[in-house]
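Several structures are given next for inspection.
Shared between the two complexes below is chain A, which pairs with chain B and chain C, respectively.
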Partner chain A sequence: MKSTKKVLALVLTLALVFALAAPTAMAKARTTKIGVGLYQDSGAAVTAVKSYLGSLEDALNVKFTYTVLSNTDEAQNITKVQELIAAGCDGIICTMDMGTEAILQECADAGVYLAGYLCDYDTSFRNNYDNVFKNEFFLGTVADGGCADEARRGYDFFDSVIEYNERTPDAPIRHVAMTVFPAFAFPYQQSFAAQFVEKVEEYNAANPDKAIEVDPLSDETDILMFRPMDSTYFSKHPGIDAIVSICSGSFVYPTMVSAGVSNTMKLFAAGYNDGDEAVFGSKGAYQMEIVSPVEAITYPLVLLLNKINGVEFPDQPAEAERRGSSVLLINSDEDLAKFQNSIYLSFKPEDAFLSPEDVVALTAYNNPDATYAGLVDVLAHMTIDDIK
Partner chain B sequence: MKLTKKIFLTLLFPVLMFLAMWAITAANPACYVNGKFIFLGFDLVRFVILNACQSICVALAIWMQLKNGRFDFSNGAAMILTAIIAGNIGLRTGSPWLTLLVAVLCGIILCAITAAVYMLGRLPIVIATIGMTLLYESLTYLVFGGGGISNFYQNDTLSIFGHLPGIFFPTALAMGIFLFYSNCTVTGRKGKILANNQAAGVNIGIWEEANVSQTSMFCGAIVGLAATIYVSQNQVLPQSGLSTSGIMFSYIVPVYMGMFIGLASNDVIGISIAAIAMAIFNYGLNCMNLGGGGWQQIIMGVFVMCFYTFSAQLDNIKKAFRRLTKKEAVA
Partner chain C sequence: MPETVTSRRTDERTSFFTFIKNHTMDLLAYAGLAVMLILFLIFNSGPRLMYNFSAVVQAAAVYSILALGAVFIYSMGFMDVSLGQQVGVYVILMILIGNKIGGPAGVVVGFLVTLALALACGAINGAVSIFLGLPSIVTSLFLMFFFTGAQYLLMESTGENTIKLLQTVKPADRNTYTLMLIGIIALLAVIGTYFFNYTKLGKYTRAIGANKVAAKQSGISLVKWQVLGYMALGFCAAVASFVLLTRTGTAGKGTGSGYAMDIMICLILGGMPLKGGMKSKISCALVGAFTYTLLSNVLTTMGVPLNWVNFVKALIFLVIVLLTCRKPNGVLPR
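== the complex of A and B ==
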């Protein structure tokens, strides 16, 4: 009986020792957890981002957690970041520059790094540079189409209108009105409108026989307060052939449909919405859309992973930077055909500009030859012509 | 009351609204573009019809439950979820009629589930319907990949029930369903007693569960018709945080106005007339560039509050007016 007890005690002791030792023996590299604060919780862009990041998880040994940030509520953003930190995130990618200083304080307290995506952090850049861009926990940001006043989106709209006129000489666009979001939320949209007008004036001076009339941007009728355009817009802009919507077309197109002008009027818009391809180019009103490449999120991701793994690029800038990525400018049927092979529409990771192996090669901790310049260079090659 | 007087009193509010907005917009320089007055025109007619029809359907769904003594917060969520389901099915099949049918069936099922939870759970109506609102909202993130439906309204063939003249069909059907239930069914007629005093109604032998289930079925059909118009006019995105209640409440003004205007006729006509008048009001504000933002909210809020105060104090106003005329006669 005694010997049985001894044997049992020995077995239990061995089991305990084995149980304690096993995790150490079987330990493998810890999975890094990255929180991603997006600007909405559904839609093609969100699905594409999740598909792209999901395809990188195994190759980078990373797990992604998602949340939605607010573009009006600073307290909500801080709470969301606190939740990500509490969930064990080692790094966070944010799409909003709201409450950034307080968010960085939370990150510093927890030893978590922060980087930006789809946002130029312009408010922090202009008003709080030292506390944000010089903060060791802020690693930089990438904005679609260039940061703040570097962007030349107004010129893109002009080029698209001219290309349309060249394609359809029998029914050219001769009269245009514009729409923008309010300056407090999108401070550069009005400057894009001014860029468009500037280019049209140059064009009219050189081509008086093909002159394009642009209705001046009206504070009262052309600034959409994040609600659909009202149908009196067409009475207030009589005789227009097209609308240049520097804000999202989803605020304009439904009104065009309900007003019965979607078959006769053209729309040049920023932003892509699910299903727009059915009414694009020769099939409908949309003649231009601008899409942000989801793969641009690679920039903040690589910076975060390098930092978390304690490695830096040899040419890493001393302070955090904001960089602009190229955009997918779609303004013809041919462009749309290419766009349909992008991850943005197919949601297939194999359609992305970068494969998991490409991203691994961009990280300094996996590839000693990787450079910051190489990472920045990748951002410039995400245009419609780069789609395979 | 004579028929001519009934017609006069019923049409008085929208006519006054039209004349008032005409006068106000005529005095406003923003309503002239290249010297042309933009308030009057076919755009006014189209705007009023498209907006009023949507308002009428949602308002009737709200009023059907209110008339039977319940406020159903889940109608908005049921409408959005129905719009996503029916819209996606319509998009896949290419049939607007199937969209309408699926929407009506889906609306009936969702409202029936809400009614079942209310009856079986023995919950207060507010708790039951808010709970179901949250459930239906969460489902909007799950059905059809959580993408909502954004391209149904873009298709002219599919979205016929959101535009002229197709929009009249679901609207007329919703009005017909409401009138049939209220006037041609026993439970519909007994509903008013429950609305006035639920306990007394039950004590005199009204079977509330029959009322709840039947009201929900008919209300669900109207919700489905409202969802058909909604998905034919709008991009419908997944919703959360009781935001669907906000969508529903944006159509509630014609309900309370309609109760007052309907005193001269009936509640369906009252709600329809109120919806038309409010659409004229909104169009006038749009012409003056006051259709969005803070000023629209202020003007709408003050107007609605004044209207409710006037309708609530009408008896007192009449008495005061009589006293005044008597004094004048004595003097």
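== the complex of A and C ==
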């Protein structure tokens, strides 16, 4: 009886493995295969990316395969890319700049192209430009909100705080503290904090009666090591009206709730998480969120498809570039209402900034009039006001 | 039919079943590897077969080397949860020292320093638990926290998310590199087999795992052989770190993370009894490392959806554990 059960367990496992494999093995008609290495395997952004790319499969004759990369372990990233190559991918979109040179060596060995998304490849840009950006197998990358040297995220936070104060003159924000991720992982977040402080100082000089106090970043409490903010944050920053979280708000808001300040304190944050809409604007603490448009993945996708089809734009730069896309800045209830009609929340491909036909028209192998400038221009029109 | 013939046949059948019974775990482990190899060949029957073969060798190399060293401590019924963090720090140190000195000499010095550190850590890991009477996992926990902190501090001191070795240590030709890795794995497997099967080190570590009290009463020095067992792991950790460096050429804050758990899974998949003892085998390391690597590779090449990969891995792991469970009320092989 015991051994029967064991044999049954083994048979069931093998059956499951074959059942999962069978449909994909049968569907091996020759379509272009693109591997997508994301930064996580679930969440609203991942669902939205898959929904958007899924809607393009028929129009572009492309099949997408997904994996998850690590932002700390380069060996894992190499293995994941090798697996994508082994799975028959002709091109790969990566969201991490870890082990990039070795990954490109793999791509060169297999004749597979690589492009970036949601990542400015800053480490490679600064330390390894020749081996990465001049590599014929690296086609370029798009970063949300601009690349490291051009991003102005600190100014966006400042504008948002001022917009809030103008909207609510009876209870303006006068005292702010900030949070960031550590510099070794996100080297530019502290620059964004400095940008915010710089703007506040300018504002205070011009408007002494409306001056805003900003607590300097504290090493003890304000640099979040990818763990939820500690409740000692509030004793370190007594009397604050708001937190400017340059890192994701998901590391801050739960601590605000547990400390009982979520009804009185405001939160301006990067990133958007499921359920945030219930505590946004007039409904709760969140007053600003920054969201990366999933449609920006069109940039690496089009570059890959052109290359795989042996075509280039007439104005294609000689070396790979890193480009910034616009971001979705949600500052008010009205913005949130618009955002709820975006693919990011609805997961409906018809809510995307670009339809499959639009993307086909962006590719050089389908449209001889398509240009690189046109592709770059599309990235600038993915703001909250561009939502249909 | 003459009685002698019948009796011989009965004996043969009995010895066959006895063999099966005594080698259930080994047979299942080899069967698992064989299934993975068959699936690998089925789903890679194209121009990328050789590419994927070398990718598997690359991915399995570090696991194999670490698992070969880990056999010595798992055979005593111990484990080391600091392994991943140790590897991370060793790779970072090799890069920092290598870049500071420069040239091939820098890499050699970096490796030697790392090797010395790895052997010292192995000795500390083995000795402290005995002198303080602590379970081995507690001392390795201490080392894990120590190395986690060291890894953070070293990376923060560089001000970078990733650091790169300036000297090239990886052969430019892919086939040469694959052969180099196969050579290293084979060499260490031969050395490991020799020490595990034909010297006191292997015999005594297995004896300690089988029955510590009996081993002690037989005159086996627990301190000496426990320390040497951990030092064998330290040696393999240093070599594995170098192999990892040849593969990535870079290191970061998370380099090595997860290896401790991966090695445990490799060894279980390879048929290693977690309680150690006389049934421990060096082959468990290689069988487990390649099964584990092939499993991940095969699931991706089969096109199993991302959301299902971990589920399928967990299911296969659970089934293997249940099939190899020898104790009526146990959940893991012993």
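Following the convention adopted for this analysis, the second predicted complex is superposed on the first by the 359 of 388 C-alpha atoms of A that agree within 3 Å, B and C clash if a C-alpha of one lies under 4 Å from a C-alpha of the other, contacts with A are read in each partner's own complex, and residues count from 1 in each chain.
Please note the rule applied: contacts are C-beta pairs under 8 Å (C-beta built on N, C-alpha and C of every residue); 3 or more make two chains touch, one makes a residue touch a chain.
Computed from a predicted model, the values in this text were never measured in an experiment.
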(request) Based on the superposed arrangement, let me know which partner A:Y253 touches: chain B (first), chain C (second), both, or neither? (result) first
(request) Going by the touch definition up top, name the partner, chain B or chain C, that contacts more of chain A. (result) C
(message) By the touch definition at the top of the document, which applies to A:N71: first (chain B), second (chain C), both, or neither?
(response) second
(message) Per the contact definition in the header, classify A:D276: touching chain B only (first), chain C only (second), both, or neither.
(response) first
(message) If we overlay the two complexes on their shared chain A, which of chain B and chain C does A:T232 touch? Say first, second, both or neither.
(response) first
(request) Name the contact category of A:D41: first (chain B only), second (chain C only), both, or neither. (result) both
(request) Would you mind listing the overlap between the chain B footprint and the chain C footprint on chain A? (result) 41-42
(message) Under the stated contact criterion, what part of chain A meets chain C in this complex?
(response) 6, 9-10, 13-14, 16-17, 20-21, 24-25, 41-42, 65-68, 70-76, 78-79, 82-88, 97-99, 101-102, 106, 109-110, 123, 127-128, 182-185, 187
(request) Could you pull out which chain A residues touch chain B in their complex? (result) 41-44, 47, 220-221, 224-225, 227, 230-232, 234-238, 250, 253-254, 257-260, 262-263, 273-276, 278-279, 284
(request) Spell out the residues on chain C that touch chain A in their complex, using ranges where they run on. (result) 35, 39, 43-44, 46, 48, 51-52, 55, 58-59, 62, 155-156, 158-162, 164, 170, 174, 244, 247-258, 296-297, 299-308, 312, 315-316, 319, 322-323
(request) Can you check the complex and tell me which residues of chain B touch chain A? (result) 30, 33-34, 36, 38, 41, 43, 46-47, 50, 141, 145-148, 150-151, 153-156, 159, 162-163, 233-235, 237-238, 240, 283, 286-287, 289, 291-293
